[in-house]
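Both complexes shown next keep chain A, but they swap its partner, so chain B is in the first and chain C is in the second.
Let's turn to the complex of A and B:
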């Protein structure tokens, strides 16, 4: 299984490099919004699905239901050290100091510890795997247990992972943990077992405000691409060039 | 529940904000040990090569000792790495289905190349003639061991022995870049992680290499003195002084490179600068500033520097060499610590710190780590019993014995 994947990724390598190179040139003559999209453009088959995700920070109320639903759906240990998705509360005070919190990943909700008059700005940022298409975690896995599916989801093969934790180190977003029972790397699968059957993810299903959205980046008329057209979306840590496919609307510069 | 007590304790030590998955620090003491042990191997080998390739005659007495030390440590170097895996039983996957974009995947090959092609062969060619001779004299188990180890090649005519030497020389020449590769490569495992600003540096492989040389040379110095003491022989002061001289220059290079790396970081002052300066002046203060820089670098540098101009009498030098080599070995251990543990103490959000506490038991614990320190020394003791460098005949003695 792993060998096959390795071969595929080698075959695609030249093709990908050529297209990413071309993409960078094209990006320079387009507007900045398109540049974000093109930076994560996959050379794969345009007629097939290529999954991406949008989080609208303006809509998130920090109820933490998504983080909880994810734990239930995906057999994530309940202890507060293991999350496939979690919610962060950012508070910027009047002295422009940034304060970040995520008690139990936001599952139990949040209290504002700062007095209202001191708060300059406060908002919630749900986090999860960015399903990067030039993802450092896939790059560093010594056995190819972490891999890219053709429809753009980054997954871990439980039966293959040796538990070296190199991918945990390589993910710039802290999205991975070692499963305490299985002793292998674990992370968001974009509910692959659900989306491949036409259902939506557990986190989206429970979100009361519709702050989360999944969609096909290859479908120009689909809701996700439409959303990206209308809003100024950004990815996290763009300077690391991970090709993140998790787009945030109204992302503040303080968020890391 | 109990298995998570440790993590709850770490959670209570978090300062500022870390991603929830970051409370659990992934690479602990054993991964500190892994580059440390590999570094000792590379350093010891390079010390051996000094004699053979660069013809530093004074180091003849430590040549075999360096090779055997390198072998003893190389045999265990992968053990900490394997024992820390979640699934150690799947380790062979790295060898049979390596994922070639991964810096870690190549390790098995670099390692085997170094072990099989370089070290074992070099030692074999160096000892073959002696093993043939020893097989004639020895009795019992030892006799059989020698017989097996010669692989049935019993010809010790001067011509064959000359070939042994030639091939041995050739292997050493190949061995030097291999030693560089072995350790430069270990540095690359860390240096190539772009997510971590404390690791991500092009200088990392070079720094690892030079610090490896420093630690390896110091180890040989120490082992040579200890072995001489056990054999109730006075160590050869010329050899010690020569080792010390090389040590002095390599420390200067190493220190310069590390300094350059830090100055570059400070001057560029990127996004991660604040958190890293808090790290260095806070959580890493003792291990980095006090132990690594002051005790492990500056003091040895001053002592060795003074010796370049002024040499006190032998007994004082011996004591100071002992102290210097121990200080350096501790210093470089903490250099690895500061890289490996230090790089995981701060959050990749740059908003806070997590903690680290060495566990005593368990596959990542102190006891396990101690095992991987004792084992190489035991292997070395066995190798010295089997292949004592001091019982090798020099060519001159051999011709006399033959005639």
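Let's turn to the complex of A and C:
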């Protein structure tokens, strides 16, 4: 009677544990699993282009031409709520209350409802996709329809997207929407069809004050890196560790 | 090996083989070539039709106007900032007309009084008071805004 006991000596147990543990460590050294970096290409190769973007808030006059041009260039639906880029007007009154307005993304212009004497500070902030290196949107895509190109642009594969909206939820900057006709996720492509032919983006082309700039983050002598060296630039929501490549000059702490 | 496992083994092998065959046919070409995405979709995005020609393109035909524009304060402006996308117009020689805006609202987008705008960056007027009812371009030449028309 009685169950047949399996003979497990302490020595056997330690041996097996050592094999499993040691194997796991050895495997992770050979092929390190980095959940965050696996979402994108490693930008290690400095000889290749790695696109980044700069917006100079001091220069922006809130004309909304960028948002308008973007809609024209990329066939973004004309009605409000669908934007690849838009402009926000921040107004901080003397009680330090922050008001953010963006009527039709700024395309039809802005009115300032507050009197000059009531305004503590006010400025425009153009918003667009941050083309993050460690994009939350790329990481949540269940089918691999959104991805980071080898030159650092986050794109959407129209044919492969299933329209599940995970990425719309995941983007901390609110830069994605579901295209009402195509029923797939849509976002700023950094005018990839233009920049890969040597042209600049539509928003930069029409900006009257030169508040927007695109450039190669790997080119140490390029205009973009020079700008970053000379100015105090910040990214939005740095605590989220998204690896944003959209840099703002004169970014106020109130901007979210 | 216990006999029940022996019987299950062929079922597992069939399932795994079926999975591999389905995966082979359902995975699109170029998927996984550079990462967890369809590599050929990059080229598809690149084929999007452009709409904005760029100032250099405008300069090929309208060099006289571009020269005027570039003389002073409006130098930073691209033609297409006001005239809208112009590649179709440029490539089809006049067949597609570009926008020629004349309304006050167009100028007001940049020049209306707003505390959010830096006064260093841009000249601003009170659009409600400044010659209301008249068109801006009745007096100002947008290509040479420092000159007042007669």
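Definition applied: the second predicted complex is superposed on the first by the 213 of 256 C-alpha atoms of A that agree within 3 Å, B and C clash if a C-alpha of one lies under 4 Å from a C-alpha of the other, contacts with A are read in each partner's own complex, and residues count from 1 in each chain.
Quick note on the criterion: a residue touches a chain if its C-beta (ideal position, glycine included) is under 8 Å from a C-beta of that chain, and two chains touch if they have at least 3 such contacts.
The shown structure was predicted, so the numbers you read here are calculated from the model rather than taken from an experiment.
Q: Do chain B and chain C fit side by side on chain A in the superposed arrangement, or is it a clash?
A: fit
Q: By the touch definition at the top of the document, which applies to A:194: first (chain B), second (chain C), both, or neither?
A: The second partner, chain C, only.
Q: Based on the superposed arrangement, let me know which partner A:160 touches: chain B (first), chain C (second), both, or neither?
A: both
Q: Could you look at A:173 and tell me whether it touches chain B, chain C, both or neither (first, second, both, neither)?
A: In the superposition, A:173 contacts chain B only.
Q: Figure out whether A:51 sits in contact with chain B (first) or chain C (second), or with both, or with neither.
A: neither
Q: Give one of first, second, both or neither to describe whether A:59 is in contact with chain B, with chain C, with both, or with none.
A: A:59 contacts chain C only, not chain B.
Q: Mind working out whether A:144 is in touch with chain B, chain C, both or neither, as first, second, both or neither?
A: Touch partners of A:144: chain B and chain C.
Q: Which holds for A:116: it touches chain B only (first), chain C only (second), both, or neither?
A: A:116: touches chain C, not chain B.
Q: Looking at A:248 after the superposition, I want to know if it touches chain B, chain C, both of them or none. Which is it: first, second, both, neither?
A: After superposition on chain A, A:248 lies in contact with neither partner.
Q: Looking at chain B versus chain C in the superposed three-chain picture, what is their shortest Cα distance in Å?
A: Checking C-alpha atoms only, chain B sits 5 Å from chain C at its nearest point.
Q: Where on chain A do the contacts from chain B and from chain C line up?
A: 144, 160
Q: Residues of chain C touching chain A in their complex?
A: 28, 31, 34-38, 41-42, 44-52, 54-55, 76-78, 80-81, 84-85, 105, 108-110, 112-118, 121-122
Q: Once bound in the complex, which stretches of chain A touch chain C?
A: Where chain A meets chain C, its residues are 38, 40-41, 58-59, 61-65, 69, 72-74, 89-91, 108-112, 114, 116, 119, 122-124, 144-150, 155, 157-160, 189, 192-194, 196-197, 199-200, 202, 205-210.
Q: Going by the contact rule at the top, pick out the chain A residues touching chain B in the complex.
A: That would be residues 2-3, 6, 9-10, 79-83, 86, 88, 98-102, 104-105, 127, 136, 138-144, 160-166, 168-178, 180, 182-184, 240, 256 of chain A.
Q: Given the complex with chain A, which residues does chain B contribute to the contact?
A: Touch residues, chain B against chain A: 3-4, 7, 11, 16-24, 26-27, 85-88, 90-91, 93-94, 97-105, 107, 189, 192-196, 344, 347-352.
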